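Just passing along the structure, written as structure tokens.
Per-chain numbering from 1; labels A, B, C and D assigned in written order.
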Amino acid sequence: MADPRTNIRPKAVDWRLWRQVFASRSLAIGLVLTLIFAGAALISLVWAPYDITQMNIANKIKPPSGAHWLGTDHFGRDILSMIMVGARTSIAVAIVAVGIGMAAGVPLGLWAAARKGSLLDEVIMRANDLVFAFPSLLIAIMITATFGPSAINAIIAIGIFNIPVFARITRSGALTLWQRDFILAARVAGKGSARISVEHILPNVTNLLIVQGTIQFSLGILAEAGLSYVGLGAQPPTPSWGRMLADSQTMISFAPHMALFPGMAILLTVLGLNLMGDGLRDLFDPKLRRGRT
Amino acid sequence: MNLLRIAGLNLDIHGTPILRDVSLSVDPGQIVGVIGESGSGKSMTAFAVMQLLPNGSAATGRVTLSGHEMLELPERALCKLRGNEVGMVFQEPMTALNPIRSIGQQVAETILIHEDVPKSEAMARAREALNRVELPEDRFPLTRYPHELSGGQRQRVVIAMAIALRPKLLIADEPTTALDVTTQAQILALLTRLVREDGMGMLMITHDLAVVSGMADEIVIMQNGRVVESGPAATLFETMQHPYSKALLAASGHVPDRVDRDGGAPLLEVRGVVRDYRLPRKTLFGAPVVIHAVKGVSFTLERGESLGLVGESGCGKSTLTRAILGLEEVQEGSIRLDGEPVFTGHTANRAVRRRMQVVFQDPYGSFNPRHRVSRLVTEPFHLLDTPPTGAEREAAIDEALISVGLTPADKEKYIHEFSGGQRQRIAIARALIIKPDLIILDEAVSALDVQVRAQILDLLADLSARFGLTYLFISHDLSVVRSITDRVLVMKSGEIVEEGPTERVFDAPRHAYTQELIAAAPKLPEGVA
Amino acid sequence: APKTDITVGQQLEPPHLDPTSAAAGAIDAVVYSNIFEGLTRFASDGSVIPGLATSWDISGDGLEYTFHLAEGVKFHDGTDFDAEDVKFSLDRARAEDSANAQKGLFSSIASVDVVDPMTVKVTLSAPNGMFLFNMAWGDAVIVAPESIETIKTDPIGTGAFKFSNWVQGDRIEIEKNPDYWGTPAKLDKVTFKYISDPTAAFAAMMAEDVDVFGPFPAPENLPQFDVDPRFKVLVGSTEGETILAINNREAPFDNVKVREAVAHAINRQEIIDGAMFGYGTPIGTHFAPHNPDYVDLTSLSNYDPELSKKLLAEAGVPEGFQFKMTLPPPSYARRGGEIIAAQLRAVGLDPQIENVEWAQWLESTFKGHDFGMTIVSHTEPMDIGIYANPDYYFGYDNPDFQKLMSDLNLETDAAVRSDMLKQAQEMIAKDFVNGFLFQLALTTVANAKVEGLWLNAPTQAADMTSVYWTE
Amino acid sequence: MLRYTLKRLVSLAISLAIASVVIFLAIEILPGDPAANMLGVNAQEDTLAALRDQLGLNGTPWERYSSWIGGMLTGDFGTSYTYRTPVAEMLGERLWISLPLALYALTMSTLIAFPAGIWAASKRGSVADVTVMGVTQIGVAIPNFWFAMLMVLVFAINLRWFSAGGFAGWDAGFFAAMKSLTLPAIALALPQASILARVMRSSLLDTLSEDFVRTARAKGLTRRQALWRHALRNALIPVLTIIGMQFSFLIAGAIIIENVFFLPGLGRMIFQAISSRDLIVVESAVMLLVFGVIVVNFAVEIAYALVDPRLRAR
């Protein structure tokens, strides 16, 4: 067991960790759901039940059947295949958006923490507040209105709003670490703040980042679905869950399967990621596991 | 009849045995001291009495409090007893109070919970309770909030809450561990007075033998969840049988063997050092607040010497340490090591810095938990222009680990695999690895159990003898300073108020503050160690 | 008793209510014939009938039109309508600083003269066979000079309804004009409710929050209304030729063989079925099938992917090529575009779909000519003339066609005009200027008890003047 | 407290100034000509130029920025390009729908989340806790526009309890108006309530494990009393932050829901204004929203200080 006072686990591969993973119900369910969708996305790279670029208008809007497990859409395409390929879009957009948020936010957070209280810190944090103050969906709409709708622009729009999230969490995590004696020890060893940030702070905030990353990832998937739903995400023929919902919207009254399955896909993926995030948080933070009176 | 009687108490938490067959009793007006190392089950025993055990606890045996079987009472009845029949004071005064409610409200709550009285009356009685714990009305109105009080003052508020209804039993779980010696002495005196005045029984938990020896009537020694020894305080030290008790006693008064040295050449010269902190403006247009942490400190440390620096919390000890280590620039004065300034211009002097190392107080916080020991101890190599590599590096690690009593195999481990004492050894190994001239020990043994502390003190004495090290030993624990230093500096509010050979300062303190400090320090009875 | 008020659902809210200074069809949808009237007007079948001018005389050379105005007409603000108002309206529309979106309608007018309060003489600079037709447009309605300042928010016309209230973003209300000069409206109040989202439109209709929705934006829902006895579905025709516009300036689309290949790669019926759920008439040229002069040329561009591939090879692009396909918001474009893209991919072409808002479409596609293909429905009536404009967005530049059109403008003989129009249809079809897809259907969903609605849309209008509830 | 407030006010003003510049620049680079959009495909070049001049679209960016800001400061938000009515009036009208909707949803989510969160925290690990946590997980994960679609299908089309959308208008009576806001408010409140309940629970669990709660228990307070008198108010700080963030989200982020229910709210107005390039409306409305967010955050910070005496001192 990690010492509860350090609150941080070593990176050594510890098979007890895996036992904890499966002891925690939410983590296990989350992991399974996430793996199902990640797996579907991966499989779709090489194989899908049907070719989704082929339209078959004669076979449109068929309810689930043996041939099409989840039915067909308004162009006669196989919905299962669409969901599988759509998973790819969702996951890709969310990953890159989280990547942008981390790539920019983590260094900013580390930097702000290393110069706590300075003008730089103030500027970074105020800028972050400002990004938070902007209604994110509107900005995403403006970005796509400016540069045209596309998966790339959706990624950028989502990514920008991830930056302050990661900057903030990194900064607050780093600030507590900067109080710790081992940082002082590193300074006694003559290390500069940049080096300390990379060598000592960063590895110790990774847990925080993983947890937050999972959550932002799921938010990214929701955001992508929302943007695609209003037509600002990935453009056809690239399938996306949000657009599948938008396309099916007018048909929900007579072909509910068209709306049900993509909606379930979003719901279950996001649910899986959130459960995983929660489970990881519990796993990483022993404080939450210790119950007191 | 006993006020409190614990008989054959067993406690498991989530199936892990915590307490085994614990028995003790407290009579009205009696103070029972419970001592034992960290994790021995002292606090759990107290919580078992209060029936405030963690989730997943299963207790068996008997706990009888003025006739009530605590283990059998329903929760409602327990609530009636808590605060009324039995009060409790906790270790950490900084967090024991609700930060958003005034102290008056919090003390009055004890009364309001148990008695159906109007709020105004409860407030009046809260006032009275605060007066009794020496928080007079003029300086401490009921409307104060906890953050406006010092640690010692907060602890008094907690005590006021516990005694507001004049309970029959008071449980104090390490009530002074987090406090300064002088404050500690005041709080202990206060508790003793209250117990005597009200004829309360008190269960006093501490890890410091000296604390209980001065005030307890009865002493209970615990180890690994068991009571290993108990008896009247007056005679226990002579009659004790159990090897653990003996070892504990021996360690408490332990003085490491030290080789006497003749005065050497000056190594560290500190001249008129001033360090101010400028706090961010509190108000929009007001002048910035300046804290004078160190106000013109001068002293000389000779090669091979062990110099002690004592003083209460916040007097500037750590600030001075950081200045010496070249981590922060000072506003005035100079710090030189062997004639070389620590700072040239505004940059710290690497050549000087590599000759000094430090060991910190917290054995848990001074290591990056993600690095292996080998990487941890070699961190100071960063100061060298050509750090050793390969086999040479491995040899240096092995040597450092061996010299602090660890084995070379330990270098592959992570820090969480070590106990507190072992960690402190690793911290010393880290300090030794670049063979510095000066090692600063900032409260290096304060967080350790007495037995471990004795070992580390022995190690330090041994290393100093072997490598001719020079120590600057910072501590608030006077007995430790006394046992390991040649000379001592007494610091108060950023100034050195007294300086002299250790023996002389302790035996014949000249400055009033030093006298106060020494008088406040709890002592074991004469001749037991 | 039958209800006397009605709620009409529409997708697009007008930006303001002046039909003479904006292109938005949504304005006409509210005001045309309800609030504002012109000298002539369209009937539901597209024919031009008298409006404020009860009759007219045309001089022999076709240059002078003398309009006899209706008697006793009053504007909604109580002022009298007379020849001065006509002169004012026409002069305002054709003035230098006019903001009229269809200024071209008035370009042949040389002068407007008031003969007497009830007679106006319009002199043309050249004969114009379309003049009476042009005067029926919503952009040519007669407005009162006194009300011009506030016309955008408080339109004052001569129609059977008066404007009463506008809750922006939600609804516009008009009420019966008791002093109407002609046959009075049967309804007391009409509320136009703006519901842009097709699902919401369906839900609102189903929940009977609106009584009429036209044009109904989601053809896929029509069968449900059809089988529901509460509702009826009116399927008529619009003037909207839906085309796959091709940027004729841009290589390789400047090659007629490539355009021909595109034409043969398209399966019209699949598009109509897939995008419009069967509603729409295939067209083979840019002309409305309900027009008596229409020629069915669909066989010229029949679906033949093999031929298409062959043509591409002949044109020197056997491997196909990549190009941009911009799609504006309506579902005929978005859905149709997806289907067409799939069909084009089958013959080796590689369209890159870009969904755009109208504003962007106007800027980059229509004005900037930055596109390879786009899909749009041209809803102006009789608009084959756009092919004579080489600067028009699809960039068709054929001097023969341009000459044919200018001759047509001068021609007033009906039989000759008919021949010329047929010739024009064939010319653009054989040049495969654009992919001609289908005539947009006008699908109106209405409460089964509502009568008197327009079946077709000769212009974008929701003429409520003869609508009524049966019991 | 006054100085604390003043200091916050200054940073609020700076944030607003920067925000206005950012918004203006963003709008500047938005492609699309409002005049062309209004006049459509057959417009002639001279007509367009005349209209652009009328709309004040000519002039240097600095001139336009200063006239915009100058106007905003004096309460003149400009005139909409497309509607030709004062923007302030339009905003006011839309706010009368967006604001009540946001408040309605927020009230609903708070009324659900507080009891659920407190209940789950006080019964940590029990079936109740697991249920609440499970339901809220789903609530967080469900795309709210999808949920809205399902609700329309069930409650408006099938059951016909509610109208499918639209806004009855306040003159139709308070209850009619609130009824038409009910489904949208539920759709908005569901994820918000889930998040809030989770934050409430975890924050409460955190404070419940604080030393002072143990102190309170030692005084003889029951578990419930300790929770209500000591833990709850301390746990409120993160909850307040979330409520503040949610409120701003609810005003601005309701675009999609406003679309599903065709509510003429602020979000949809901005959305439409962006697509018709009614830039002045976009500018002023986004500025108003940012202002709202910043002011709400300000209010939240002041609320912190009221809850927590430690902040007051600072």
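Remarks
Here is the rule we use: a residue touches a chain if its C-beta (ideal position, glycine included) is under 8 Å from a C-beta of that chain, and two chains touch if they have at least 3 such contacts.
Please read these numbers as outputs of a predicted model, since none were measured by experiment.
Common neighbours of chain C and chain D, listed by label, are A. A count of contacting C-beta pairs for A-C and for A-D identifies A-D as the more extensively joined pair.
Averaged C-alpha coordinates give centres for chain B and chain C that are 87 Å from one another. Mean C-alpha position of chain B lies 50 Å from that of chain D. Rounded to whole angstrom, the centroid-to-centroid distance between chain A and chain D, based on C-alpha atoms, equals 23 Å.
Under the contact definition stated at the top, the residues of chain C that touch 2 or more other chains are 197, 199, 206, 357, 360.
Along chain D, residues 31-32, 125, 149, 157, 214, 217, 259, 274-275 each make contact with two or more other chains.
For chain B, residues touching at least two other chains, in rising order: 52, 55.
Pairs of chains in mutual contact: A-B, A-C, A-D, B-D, C-D. Of all residues in chain C, only 15-16, 22-24, 96-104, 152-153, 167-170, 193-197, 199-200, 203-204, 206-207, 209, 357-360, 362-364, 366-367, 380 touch chain D in the complex they form. By the touch rule above, chain A contacts chain B in their complex via residues 2-3, 5-6, 8-12, 117, 180-182, 184-191, 199-200, 203-204, 290-293.
Residues 50, 52, 55, 75-76, 79-84, 87-88, 90, 92, 95-102, 109-110, 113-114, 145, 147-148, 158, 161-162, 282-284 of chain B are the ones that touch chain D when the two sit in their complex. Here chain A touches chain D in the complex through residues 26, 126, 129-130, 132-139, 141-142, 145-146, 218, 222, 225-226, 229-230, 242, 245, 249, 252-253, 256, 259, 263, 266-271, 274-275, 278, 287-288, 290-293, going by the rule given at the top. Residue ranges of chain B in contact with chain A, taken from their complex: 47, 52-56, 280, 325, 327, 348, 350, 353-354, 356-358, 360-362, 364-370, 379-383, 414-416, 427, 430.
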